[in-house]
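Next up: the structures, one after another.
Okay, so chain A shows up in both of these, paired with chain B first and chain C after.
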Partner chain A sequence: MEIFPALLSVITDPTLLFAIVLAAAVGMIVGATPGLTASAAIAMLLPITFYMPPLFALAFLYVIGKSGRYGGSVAAILFNTPGTAASAATQIDGYPLARAGKAGKAMKVATISSVIGDFMGDIMLVVGVGFIASIALKLGPPETFAIYFAAFVVIGSVIGKSITKGLISALLGILVAMVGLDPISSEERYTFGSFELSNGIGLVPLMIGVFVLGEVFAQLEERKKAKGEVRENESDPSGHTLTYEEYKPCIPHAIRGGFIGAGIGVLPGLGSAIAAFISYGEGKRRAKNPEQWGKGALEGVAAPEAANNAVSGPSMAPLLTLGIPGSTIGAILLGVFLIHGIQVGPTLFLTDKELVYQLFACGMLGIFAYGIIGYFGATQVARLILKVPVNVLYPLIFLTAFVAAYSARGSMFDVTVMTVAGFVGWLMRKFDFNVAAFVISFVLAKGAEETFRQSLLMSDGGALIFVERPIAAGFLLLGLAAMGFRIRSIMKERRIAEGGLGDA
Partner chain B sequence: MRDVVEGIVLAFLSLAAIWGAWQVPAASPGDTWAGIVPFAASVALLALSGLLLLGGLRASDTGHDLAEGGDTGTLDILVLFAIALIYQQSFRWFGYVLPTAIVAPVVLYIFGVRNWIGLAVSVIACPLIFHIIFFELLGVFPPYGEVFDLLDWFRG
Partner chain C sequence: MKRRAFLGAITAAAALVATTATGYAADWPKRPINLVVPYKAGGGTDAYARAISAAAEGVLDVPVVVVNKPGSGGLNGANAVVGARPDGYTMMMTSGGSFLLSTMTRDTKIDALDSFDFVAQVGQLRTSLMVPVNSPYQSVQDVIDAAKADPGSLRWAHSGRGGFHHVGGLGFLANNGIEAQDVPFKGGGPTRAALIGEQADFGFLGVQQLRGFEEQLRALAVNSADRDTIMSDVPSFGELGVPFAAVSSPVIVFAPKGTPAEVISAMETALAEIAAKPEFAELLAERGTGPIFANGADARAALNAMQADAAPLVQNLNN
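Take a look at the complex of A and B:
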C-alpha cells in the first residue's frame, strides 16, 4: 500500500515529473541508437547526479535504464540493428514486418507489449520486495555469502559464450576490487606503495571507462569494419496504424512474456536478453501460427518485448534487499545509492522505505512516459537518430568521459583509472571476456568478502559453516547447479553444431 | 592459438596477484587474514588460466583453432588510447582548456571528420561548452595546470 502515497508525492512534484519525462526521452534515444547503450548513458551521466537530491538522481537514471531497454526495439525493427542485446529477439520478426511496410505497426506492438511487461514486472516488485526484504533481514553472514557466491557463479557462467572466460572476468573484477586498504584490518593490498591506490579503485571512473570510453574504442573499430549505410524502412499508410483486433492475439504472448521476464529478472545476472529469447521460444512453441514466426508475426514482437522490459523492475529486488545488483544498470544504481550515503540491503526498508517506494512510483510513471512517447513518436525518434552524425557523436562522448570521470571526485587519479579501464574494457570485449560479469563482480566483491570473513570468525575459522547451514548450502548448490546446467547446454549446442557440420 | 596466448598472459597475471596477496601481513590473533580473498581469487584465476591454456592447446592439436577475427582498426585504437593517456596526463600540466582545445579536433579527425571549418570550431566550442557545463554550472573545481594554465591566463 506504500506505493499509493509515493505515487501521489511524485505526481505532485513537477520537477520530478519533468526529470522522468526527460529521462524517458533520453533513454529511448540512447537505446535506439545502435552502439550506444543505456548503461553507457547512465555511467556518463552518473557524476552529474552527484549534484542532485537522491530521489531525483535515482529516478532519472532508473527511468533511462527502463526506457533504454524499450528504445532498443526501435533500432531492431527499423534498422535491423538491435540497439541493445535484449532487442535482438525483437529483430527476428520486427525487421521482416518493417520490410513489409509495417514498421509503424510493429513499433506500436513493441511499445504496448513493453509497457505491459514493464508494468507487470514493477507490480510484482512492489508486491514482493517487502517480503524478500523481511526474509533477507533474517539471513546471517554465511547465508548472505552463499548468495553472493551463487551470484558470482551465475553471473560468470551464464552470461557470454564461454564459462571459463565469464568466470575469469568475474575473478578479475574481484581482484580489482581488492586494491586498497582492507576495510577490516586496514592492511594494504595491491597498492605497491602508492597513496592513490590505497584509496582503492573508484566505481564511477571504472564504469565510465568500461562502458563509455570502451564503447568509443569499440565504435572506432566497428567504423573500420562497417560497410554501407543504415537506412530506415518506411511504413505505408496502412502499416502505421494498429487496431485492437490486430493486437488481440498478442495479448497472451505479452502477458506470458511479462511473467517470464519478471521471473528471470529476480535472478542476478541473467538479464533481459535471456528473458527475451526464452519468451520468444516459448511464444513460438505455443503460437497458433508458428510458421509465421520469423517471417513477420506481430506476436513475435510482443513476446520478447514484454519479457525484456519485465526484467527491469524485479531485477531491483536483489539489489535493494541484498545489495546484489542483477545487471550492469543495477550496479551503477548501487553506486548512486552509496554516493548519496544510502546503505542498500535489508535495512534499506527500515531506514529509507519512503525513498524506495517513491523510486518505484517514478519507475511506473517512467513506463507511462516512454509508452506515450514511443506510441506517438517512435518514428520521429528514429529519424532523429539517422540525422545524428556518428563521427561527431563519438568524439564528443570521448571528451565527456574524461570530464565526467574528473567531476566525480575532482581527482586526476580517477581520470587515469577511467582511461586504463576504457582500454581494458575494449580488450575484454575484443577477446570475448565478459564486461558485465567483471563490473558486477567488482561491485559485489567487498560485500562478499565482508560476509565471508564474518562467517569465518563466527565458526572460528572453519569453512564448514557454509555447508552446515541449510540455506547457505542450498545457495552454494544453486550456484554450482546453474554452472552445471550451463556446461550441459554448451555441450549440447556443440554436439548439435558438430552433427550439423557432419551432415554438411 | 589465441586461447593459448590469453591463457599464458592470464597465468602470469594470476601469479603476480598471488605474489601480491602473499605480501599482505598475517592476521592478528582472533582476526582473519586480509589476504585470504585476494589469494583465493588469484589461485582460482590461475586454475582457470590453466584450463584456457589446455583448451587452446587441445584446439590447436585437433586443428579446431581457426583464424579468429581480424585486427582491423587495432592500430587506430592504439593511437586513440595513446592520445587518451597523453590527454589525461596533460590535465595535470596544462589544466583542462588547452589540452581539450588540441585533442577535440584530433579525435574528430580520427573519427572521419574532414571539414576544416568544423575542426576549427571544435577548438573553441568543445573546451568552452564542457567548461561551462561542468566547471561553471555544476561548480566542479577545474584541474589546475602546474606548467601553464590557459584558464588562469584568460582570467588574468
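Take a look at the complex of A and C:
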C-alpha cells in the first residue's frame, strides 16, 4: 500500500496543499464557465508548469482536470450549456431542476455524486493499476471495435423521443466524422479539395459550436418569441438545501455510475462523455421512477456525474502503463511527463513509483478540496451568475466560445467550424433532432471505423475474427443483448399505448 | 476600452513597420522564437523540440517556444510556416523523412526540398523491425523465412501509411521479395501497444520506442547501414546483410523561404552550439534518441538522396 506514505508526504507539504486547493478552485470556475473546458484551461496553463517541479506541475494540472470535470455540471445545471460533452448528460435532469428553482439542490447532488464517483475511480486505480495494465495490453482492434459497438448500442438508449430523428442525428455525426483522412489508407475523404478539411473536423470546436453557440441561438430565439416573460429561476430557500433523505435514492445510482465510469475510463479513447451517457441510460433503465427522469430527477444528476468523475482516475492507467492517453487531459499530462524527462510506460512503476503514488495522493486530496468548495460555494457562484443579466451573460458566453475554439489549436479554421456547428446545433434543436447523439456518434465513429478496418486487415477480410476472440465476442453479445432489451421495451410501450395488454 | 485597443493596434502596426525595415537582421533575435512542431506533443520530433527549447538557455538570449500544430501528416504545421513572415521568429522543426514522404504522396503545393530554407539537422529518427518478446522469430531471417513459407499470411504494424516507418517497412518487404499485410495504427504509441499485445506478427517503429520496453519487445534490426548511436544494442540491416531501403528521418529545422541569410546562419550556429551541449544529449537519452548535427546544406543533400531512394516505393501509394 504505497499510497499511505505518499499521502503523508503530500499532507506535510503546505505549498503542495496550497497548489491543490488553488487547482480545485480554478478547475471549478473554469468548468462552471460555459464554453470553457478544463482541457482548454490546462492547455493554456501548461507553459506555466514548465517552471514547476514535476510533482507540482502534474498535481496542479491533474486536480484542475478532476475539478473541471465536476465544474462542468454547474454550467450544465444553470445555463443548459455544458462545458463538456460529458456534462450534457447531467443537463438532461439538471436544467429542469434549475428551472424548478432547485438549482442549489441539483448542484449539491452533483457535488456529492462527483466526489463519490471520483473517489471510487481513484481507489480502483490505486488498487488495480498493475492488473489493468496487463489486461489493457490484450485488447487489440477486434476487442476495441466490439467495445465501440456496445457503446453505440447503449447510446441508443438515450437517443430520445423520436427514434428516427435520433438515428438520423447519429448518422449525421458519423458522416461528419468521415471528413478528413481515411484512417487506414490516409486518402482524403469529403474534403472538397480544401486543405483545412483534410485535417478533419475538430472535436473541440464542434462541441463548443453545437452545445454552446447552438444553445445560445436557440435560447435567444425562444426569448424573442416569449416577449416580456421572465425566466423563472428564482429559487425558494428549500431549493438550496439537501437532506440525507433526498440524497438516499441517489446513492445506488452514484455507486453504479462510479463503476461504469471506472470501467470505461480504463479503456483508452472512450472518455467521460460515453461513461456519463451510459450511466444515465443504465440509471434510467433501472430506476424506480423512470417517468421522472428528464423532467428533473435528482437521481438523473447523480448517475452521470458520478460516472463522469469516476473516469478521471482509471483513465490514468493506460496513460501511465502504456503511454496511451485516454483523454485530451491525459494527452496534455503526457506532455508534462515528457517535458520533465519522465518516461511513461510499464517501467514508470519501477523508476518513479513514488512520484506516481504521490500524484494519486494529490488527486485524492483534490477531490476533497473541490468537494468542499463545491458543496458550500457552488450555490454562491450560482446565485452570482444567475444575477448576471442575460444580455451580459450571452455575449460573455459568445466571447469565451470564440476564444476557447481558437485557443485549443490556435486555428482560425476551428472558429469557422465552431460557428457552422453552432448554426447546425441550433437547427437541430429547432427541429427536435438529438444533438447529444450527433456528437457522441461523431466521437465513436472514428475509433470504430479504424478498429473495424484494422481487424479486417488482420483477418484478410473475414468477419469471424470478432467472434473467435473471446473478449470481443463478449462485448458484441453485450451490445446485442442491450439492443434486444431496448426493442422489447419499445414493443412493450407500444402495446401499452395501443391499450392491448397494458393493464394485464 | 475601445480606444485603448485601437491605440494598441496602431502601436503594434508601427512596431511591425519598424521591424520590417532593413538592417534588423543584425540584432536578431529580439523576440521569442516560435518553433512549430507539426505533430502532437509527446512524439519523437516533439521531444527534440522540447530539448532544444530547454537547452537553448545561455545560447540564445530569447526563449524558444515550442508550438504544436498537428494534423494532415505534418502538412498542417508546414502550411502554417510556409506562409509565415520570414523574419526568423517562426521556424519549423519536423521529422524530415515523414515530411518529405507526405509531400510526395499527398496533393500539396509544398515541396520539402524547395519550399523552405534549411537551417540545420539536430537529430535522427530511425525505424526498426520489432517483434513481441514472445514471438517465435528470433532473427530477421526467421521473419523472411516465415513470410516466404506462406506469402501474405503475416501481419505487420506501422504508425500510418505514407510515413517513413511504413515506407521503410515496404522497402524491407520489396527488397527481400516477401509479402505481408500491413495494419496501420495512429502514431507510434498505439503501434507499440498493438505490437506488445501481439496484434501483429512484426512491426516497423522508431528504434527509440524500445527504450523502457525491452521486456515486452525485441528489436531485430534497425533500418540503416550502421547501428543507431544510442540504441546501439540493436543490430543493423547493413551488418546483417539484409537488403533494405535507406529511409530514415533526420530531424530538421526549416525556416520560411526568404528569411535573411544572416538570420539563418546565426540560427545554424546557435543550433550547433545547443546540439553540442551535454544537457541536450541527456534530455534526449531519456527518450532513446541523441543529437546528430548537420548543417543546412548537408541536411538538404541527405533529404535529396532519400527522395531518390523512396520514389519507387511510394509510387504505388500515389493515387
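Basically, the second predicted complex is superposed on the first by the 278 of 504 C-alpha atoms of A that agree within 3 Å, B and C clash if a C-alpha of one lies under 4 Å from a C-alpha of the other, contacts with A are read in each partner's own complex, and residues count from 1 in each chain.
By our rule, a residue touches a chain if its C-beta (ideal position, glycine included) is under 8 Å from a C-beta of that chain, and two chains touch if they have at least 3 such contacts.
Only a predicted model underlies this, so the values are computations on that prediction, with no experimental measurement involved.
Peer 1: Let me test your reading of the model: by the given contact rule, A:A481 touches which partner, first (chain B), second (chain C), both or neither?
Peer 2: neither
Peer 1: Specify the partner with more touching residues on chain A, choosing between chain B and chain C.
Peer 2: Per-residue touch count on chain A favours B.
Peer 1: Classify the contacts of A:A463 with the two partner chains as first (chain B alone), second (chain C alone), both, or neither.
Peer 2: Neither partner.
Peer 1: Applying the document's definition of touch, where does A:I332 land relative to chain B and chain C: first, second, both, or neither?
Peer 2: Touch status of A:I332: second partner only.
Peer 1: Mind working out whether A:I184 is in touch with chain B, chain C, both or neither, as first, second, both or neither?
Peer 2: both
Peer 1: Quick one: is A:P141 in contact with chain B, with chain C, with both, or with neither? Answer first, second, both or neither.
Peer 2: Second partner only.
Peer 1: Who does A:L213 touch here: chain B (first), chain C (second), both, or neither?
Peer 2: In the superposition, A:L213 touches chain B alone.
Peer 1: Quick one: is A:P395 in contact with chain B, with chain C, with both, or with neither? Answer first, second, both or neither.
Peer 2: In the superposition, A:P395 contacts chain B only.
Peer 1: Identify the partner contact of A:F195: answer first if only chain B is touched, second if only chain C is, both if each is, neither if none is.
Peer 2: A:F195 sits against chain C, while chain B stays out of touch.
Peer 1: Do chain B and chain C land on any of the same chain A residues, and which?
Peer 2: Touching chain B and chain C on chain A: residues 184-185, 187-188, 410, 457.
Peer 1: Within the complex, which stretch of chain A touches chain B?
Peer 2: Residue list for chain A touching chain B: 48, 51, 164-165, 167-168, 171-172, 174-175, 178, 182, 184-185, 187-190, 213, 216-217, 220-225, 390-392, 394-396, 398-400, 402-404, 406-407, 410, 412, 415-416, 418-419, 422-423, 426, 430-431, 445, 448-449, 452-453, 456-457, 461.
Peer 1: Could you list, by residue number, the parts of chain C that touch chain A in their complex?
Peer 2: Contact set of chain C toward chain A: 40-42, 46-47, 50, 67, 69-73, 75-76, 79, 105, 107-108, 152, 155, 160-162, 181-186, 189-190, 192-194, 196-200, 211-213, 215-216, 283, 286-287, 319.
Peer 1: Which residues of chain B touch chain A once you look at their complex with the stated criterion?
Peer 2: That would be residues 2, 6, 10, 17, 20-21, 24-25, 27-28, 30-32, 34-38, 41-42, 44-45, 48-49, 51-52, 55, 69-70, 72-74, 76-77, 80-81, 84-85, 87-89, 91-92, 96, 100, 103-104, 107-108, 110-113, 118, 126, 130, 134, 138-141, 143 of chain B.
Peer 1: Using the touch definition up top, name the residues of chain A that touch chain C in the complex.
Peer 2: Going by the criterion above, the answer is residues 137-141, 181, 183-188, 195, 198-200, 322-325, 331-332, 334-335, 338-339, 341, 343, 345-347, 409-411, 450, 454, 457-458, 460.
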